[in-house]
Amino acid sequence: MVDASGRERLLISLGSFVLALVAGALLLLVSGAFASCESPVFGLGGLQFCYNPIEVYSVMLNGAVGSPYSLGLTLRETTLLILAGVAVAVTFQAGIFNIGTQGQFIFGGLAGAAVVHYTADLLPANVVGGGGLFALGMMAAALIGALYGALPGILLAYYDANEVITTIMLNFIATAVAFTIVRSFLREGAAVQTTLIPDYATPPAIIFPSASSFSILILVPTLLIAVGAHYLLNNSPLGYNIRVSGEQPTAAEYSGVDSKQVIVRTFTLSGVIGGLAGGVFVFMVLGYWQPSVPQVGFDGITVSVLAANNPLGVIPAAALFGILQSGSVALDLQLGVPRQLAGVLRGIIILFVAMPEFMRMIGRRLGLGESSATSAVTGTEANDD
Amino acid sequence: LGGSNGSDDTDSSGGNGSDGATNVAIVYPVAGLGDQGFSDNAQEGLMQAEEELGISHSAGEPDSNSEYADFHNQFASSQDPDYDLIIGLTFDQVTPIETVSADFADQNWTLIDAAVEGRDNVSNISFTEHQGSYLAGTLAAHIATEGFESETVSASGEGVVGFVGGARNPVIERFEAGYEAGVEDFDESIEFRSAYAGEFNAPDQGQSIAESMYSEGADVVYHAAGGTGIGMFEAAQQAGRPAIGVDTDQSQTASDYSDVIVASMTKRMDSAVFTTIENVVNGDYDGSSDVQLGLADGAHELVYGQEIGSAVSDSAQEAVTTTREQIIDGEISIPETVDE
Amino acid sequence: MTHSVELTDIRKTFPGVVANDDVSLSVNKGEVHVILGENGAGKSTLMNILYGLYQPDGGTIRIDGEEKEFESPQDAINEGIGMIHQHFKLVGPMTITENIILGSEPKKSLGMSVDMETARREVKELSERYGFDINPEDAVEDVSVGVRQRVEILRALYRGADILILDEPTAVLTPDEIESLFVVFDELIEQGKTIIFITHKLDEVMSVADDISVLRDGKRITTIPAEEATNNRLAELMVGDEVLLELDRDPHPKGEELLRVDDLQIEGDDATLVDDVTLSVREGEVLGIAGVDGNGQTVLSDAIAGLIELDDGSVTFDGEDATEWGRNRLNDAGLSYIPPDRQEQGLVMNFDHGENVILGEQHTFPIGRRMRDDELAEEIVAEYDVKTSGVETSVKSLSGGNQQKLLVGRELERDPKLVIASNPTRGLDVGSIEFIHEQLLSARRNDRGVLLISSKLDELQQLSDRIAVIYEGEIIDTVDPETVTERELGLLMAGQELVTEETDSVSNENTLQAKRIEDENK
Amino acid sequence: MNLTRIENTTLTRRRIGLLALAIVAVVALLVSPYRDGITSIVNVGFFNTALVLSVPITLAGIGGLYSEKSGVINIGIEGFLIAGAFTSVLVTGATAGSLGADNAVWLGLLAAVVVGSVGALVFGVVCIRYKADQVIAGLAVWFIFLGLAPFLSRVYWGNINSPTVATFNQVAIPILSDIPWIGRLLFTNYPTTYIMLIVVPVAWYVLKHTSFGMWVRASGEHPESLDTAGINVNRVRYVSIMISGALSGIGGAALTLSTVGQFIGQGQTIVGGDGFIGIVAYLMGNYNPLGTFAAALLFAGLDALQLRLQQIGLDIAPELFGAVPYVAVIIVLVLFGYTRIPANAGENYESGDD
């Protein structure tokens, strides 16, 4: 989507992050002058500033990685974001603006929970049964994710239905349908939520405290999925076709690519990963499914954008947003700084990433990477039709 | 509104942990503060405890239901401060507290407005909303048959009443069931309309629902919808008809709308919060207690609006008073669920 | 003598390129001034500067002797300059009228809204005055390229341009349309207007120019009066070297039949695009397909290459029925395809050389292998003389000619049995054209078959063993390039049967036009 | 080239299809056992609710339409709605004391317009001057306001949800408001509703019949043609983007000041996706302001209907019913074809690029 070499992309992403921190610091200073607090961190003239940006950032960082518990939370968030980010990235690589990961996440999670609801009694209540339950659940999550992902793909490929619209619609529909399914079929007791997943079917917490609901046994395969997606894009005809379709659909067609098939396959692949994210959420994080799920699918878009849609880049991008996300809670509890700050920072980062021109300008002003910046400009402008 | 942020005090409380000051954490429902009713009222109880009992407190305001467990975990595992009590509110926090409390046997919880069963470190406080709502139904039925007239609103007695719910859950259905029974026991022929917005923080939806009810002739509408209910008051203002508030005396807490609030069915979240904290401070906390507060405890009351409450007819007031006594005496049986 | 336009020391650099290197140029009032030059010589850049689209790095512009500074096209328009750009600057979904008045709309209702009534009337009048047959209500995207070209001209005239710049307006026109354009030139010159005309076609230059300027590598080489020019001299000035305009095409024995197309039929939404086409190509043979753009050749070549499903008919490739094969299987069997649009179809602009050279072959790669072939890319770069800074740079940084060389190289390096080449030299300079022609002929020498689709008659005549003429989706005749005349080909392309002129009394437009060409040529 | 022809037939087919769909839906409801209930709830109050609910969707949609027509895809209108909703409450609340409620709400509306336009201007600079990827920058705009508004709510009010502030009253236009039905709908309403009712035809007229409208269309389809016609493309785009910001600002203010005067910062905020529905509305309306309004009314109407069907006992699954509009959109897209996006939407334009 954004034109630049790999190295430059990395610099742009890093620069965006730094600039976002600076912009966030300004926001903290200004808003700190309006906030009411008992003991301002410092006063200047008649103004009293409630927030100290340095302190805010260090509390955030410490809150995200400062203890095994919080590091677990961060990694848990990161795991979900990697899956969602990769799910989004593969479709973005194909030039498809897929916003539907959230819907696949919802249904993937629900499918996992439904499997537990219907089969928990059939399997032994021990590690073996638990493993089976987990495997079945994740398979169901992937399958439902694939189906729900393929749907907008089919609609786009064979009915020319704009994927931005259909995926937004399918997200709304997923929310409503999932709610109704739980309310009507999977409910146990009065609350609209599914059966609790038994402990023996939950991925074991090793290294990190169980309270953080994180298992490294999930993170490792997740990393493998990101690496695998990268490998697939660069080392398989399907990956090549996905990229050609994204760059130039007419060239793809010319080279014998069945673009409809590629669209559907890409969406399906994305759906599988999005569905797995839902499964991980249910099995590892929440332990059951209920209608108000976090916006992991949307966060996946930001992760993918920051990573320039590169599945390997998704890993650090997800870690960064994971830190922001889980550090923000500490911020709120310890300093009383609204944790919505994390959302603002996320938006600003994406804004800077969206404008490489601006970042290059900043780079030149600062005298940084002069040569690489200018050569990149030459490269992109010379033949800009 | 006081911009006081519960967490401001946390810093100072760190040192107090050892010298006996009580630290309390509260996890608000997703709909959040600012509902001029439920959550705000709970916060008031907390403030009262701070003032009168000198406690320190922190608050968690989750963004989605899936964050409840994290906040409970966070507070439970916190060493600095070490919380003496964590308060959870609403039905949505049952499972999160159930799960987390199993991991922290030494941590005390109180869940208000719902119940976690079988844990001796979680005490529950719930209410008999159906009883209080029955009174609201009695009043509504009177208005729907006799009509209502004040300087700011008027209802001609069309024989239609409405109910706006937030999300559908057993607690809110208790409100609806009691209210509907109150109306029907008075007069079978009164048309009863009810709709749920699905959320507790969607005032625009609440307004839309109430608007349709008033335009269908509803003489009065009652809500159990938290912040969503504010929309009902707005619709009442636009329609010039009376409305019944909930949780607090909303003619005071939502004073912008005191000109339409004929009465409110209070539900004393504040005293529930205060009492449970007081128990902890006094060392009387009982983790296995399961209290249901009702009319007899003064936990519910039908209070007439500051501005227009006086226009309620004497007969209606009398009916409410006698009904209240009958309920307390157990002479009226009130359903807790609506038949779908 | 006052010059209508006088450019002095115009300089313009783009990153890495000096597009205009202190160019000075004077254009006489009331004359047709032709600018010639290879691709990339800087012609369009110079004109865009004159039109205010580009800001020069240095130099001055004088209009009627007065120095001007153009910061935007608006300034140039105000000075009476109109420009018809190399690529159409028209808004497809808007009507012809809307396109013409865009930017200088007549107003009504106190200037609140556009007076479409007046606009339509004015456009109608203007087009009638120049004998243009257009319907002002048609959306531009629905009309032919010829009509679009007229709309472009009307757009400039509507603004009352005195100085008209036409940047390669004839590249997409039929001989008839070119002829009528030149009639318009005459009329404009009569009205005292000045015309600057850019083209690559030397014969056009000879028929309309008063003066001819030649640009090379961003510099003006010379300006000569038309009388002093000959094709050879101009070509030499352009490339700076003696060029061979005649290619060497030895007779070559034909072998087995490689491709056979029988009764091929393709239906569009509301018209038959390819109608009952039958043709065959043998080893060592070049079959040319002549036709004016838009007569179904692209659909035909796409269909043969396996990109479009046939509605009827069959394709036999190398003795096997290949009707149902599809692109990949045909490719594997040895059918290469040089598509008409290198930047959209043939190459992936943001991919580098190594990735581009496997385009079309990607399905043969096993999972796990890197999807690129740098060795092959190096080989093509060396053999086909592709000027590049490296095989790991994206091909969008290459010039058009070099992109085409890479593309042709890729398709020929597969050592195909047959190659379909669709307009393989469109928009290229003389040197690159020659090179590509040489490659196609060498394929022929190696007993490969070539199906050459082109809108350039000279190209077809030079390379083909036979020429089939396509008109409205039908092959209406197949002729021998040695004996057919350009005039006859032109007639066929315009849909005329080759019959003796006396007996043909049908006086439809085409015949009339054809006659006029004949008259002019005398 | 061929697309046009397909497009034209698609359009008529789509209109017929929509009509058919609507007729089928109405007939189905009327023959159902709930007929009496339904005829009783589909009354003037229903249409009024739909009209009021459609205001933010329509305004955001028309704004987005202008921006996209001019060549800049503004996926951030959801963010501008949030900005408008928040600002209007903030300013109204802060000034009601000194200016009086009536003036304060208008000032709140004005502030929303200013913040919307200035925000859009920044977005424009990002997209045009710094050649940002428009879709990504638009997403960023959404994320920023989605975070910033609740952040500032908590800074300023201490709560993620604001207190209630003064609101617009419905204004009855003398005489006209006495006409049955129409009078209630069109002439007894909130000022923001009137603004929308004026904006819709004006936006249509400007786009179709004025020079500026022509420029906007040309700018998104083929900017070079506009540039070579002597019109500054980027200026046209800046103006269009700012129109989208200003209209979204009004839309956001309508969400708060024409309802309960409260900003809800939780979750998706009080805006709750109206901006995205606005995008869908203009795509369904095929970039026509009138079509956009019709589509917005359809969405708002189904929403209003859902809340009413519950009241007559048709309450099997209100959440599921809430999804009906979204399913309808997909069916319409599948059966009746796609929308043609302006050819150069999403592309940066720099004068002189060949």
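Annotations for the structure displayed:
Each chain carries a letter (A, B, C and D) given by its place in the written order, and its residues are counted from 1.
Keep this in mind: contacts are C-beta pairs under 8 Å (C-beta built on N, C-alpha and C of every residue); 3 or more make two chains touch, one makes a residue touch a chain.
Note that the coordinates shown come from a computational prediction; the quantities given were computed from them, not determined experimentally.
Here the largest set of C-beta contact pairs joins the chains A-D.
Between chain B and chain C the centroid-to-centroid distance comes to 77 Å (mean Cα coordinates, whole Å).
Computed centre separation for the pair chain C/chain D is 45 angstrom, with centres defined by C-alpha atoms. In whole angstrom, the spacing between the mean C-alpha positions of chain A and chain B is 36.
Taking each chain's centre as the mean of its C-alpha atoms, chain A lies 47 Å from chain C. In chain A, the residues touching two or more other chains are 35-36, 385. Listed for chain B are residues 3-5, 30, 61, 63-64, each touching two or more other chains.
Shared contact sites, meaning residues of chain C that touch two or more other chains, are absent.
Two chains count as a pair here when they touch; such pairs are A-B, A-C, A-D, B-D, C-D. Across the complex, chain A is touched by residues 3-5, 7-8, 10-11, 30, 58, 60-61, 63-67, 69-71, 73-74, 76-77, 91-92, 94-95, 99-100, 103, 168-170 of chain B.
Chain contact summary for the complex, chain A toward chain B: residues 35-39, 69, 73, 190-193, 196, 209-213, 281, 285-288, 290-294, 329, 332-336. Of all the residues in chain C, the ones that touch chain D in their complex are 44, 48, 51, 53-55, 72-74, 76-77, 83, 85-87, 89-94, 98-99, 102-105, 107, 112-114, 116, 139, 141-142, 155, 268-270. Chain A makes touch with chain D in their complex at residues 1-2, 27, 31-32, 34-36, 97, 155, 159-162, 164-166, 168-170, 172-173, 175-177, 179-180, 183-184, 301-302, 305, 338, 340-348, 350-351, 353-358, 361, 384-385. Those residues of chain C that touch chain A in the complex are listed here as 14-17, 306-307, 326-328, 331, 337, 339, 341, 343-351, 355, 358-360, 362-363, 365, 367-371, 393-394, 396-398.
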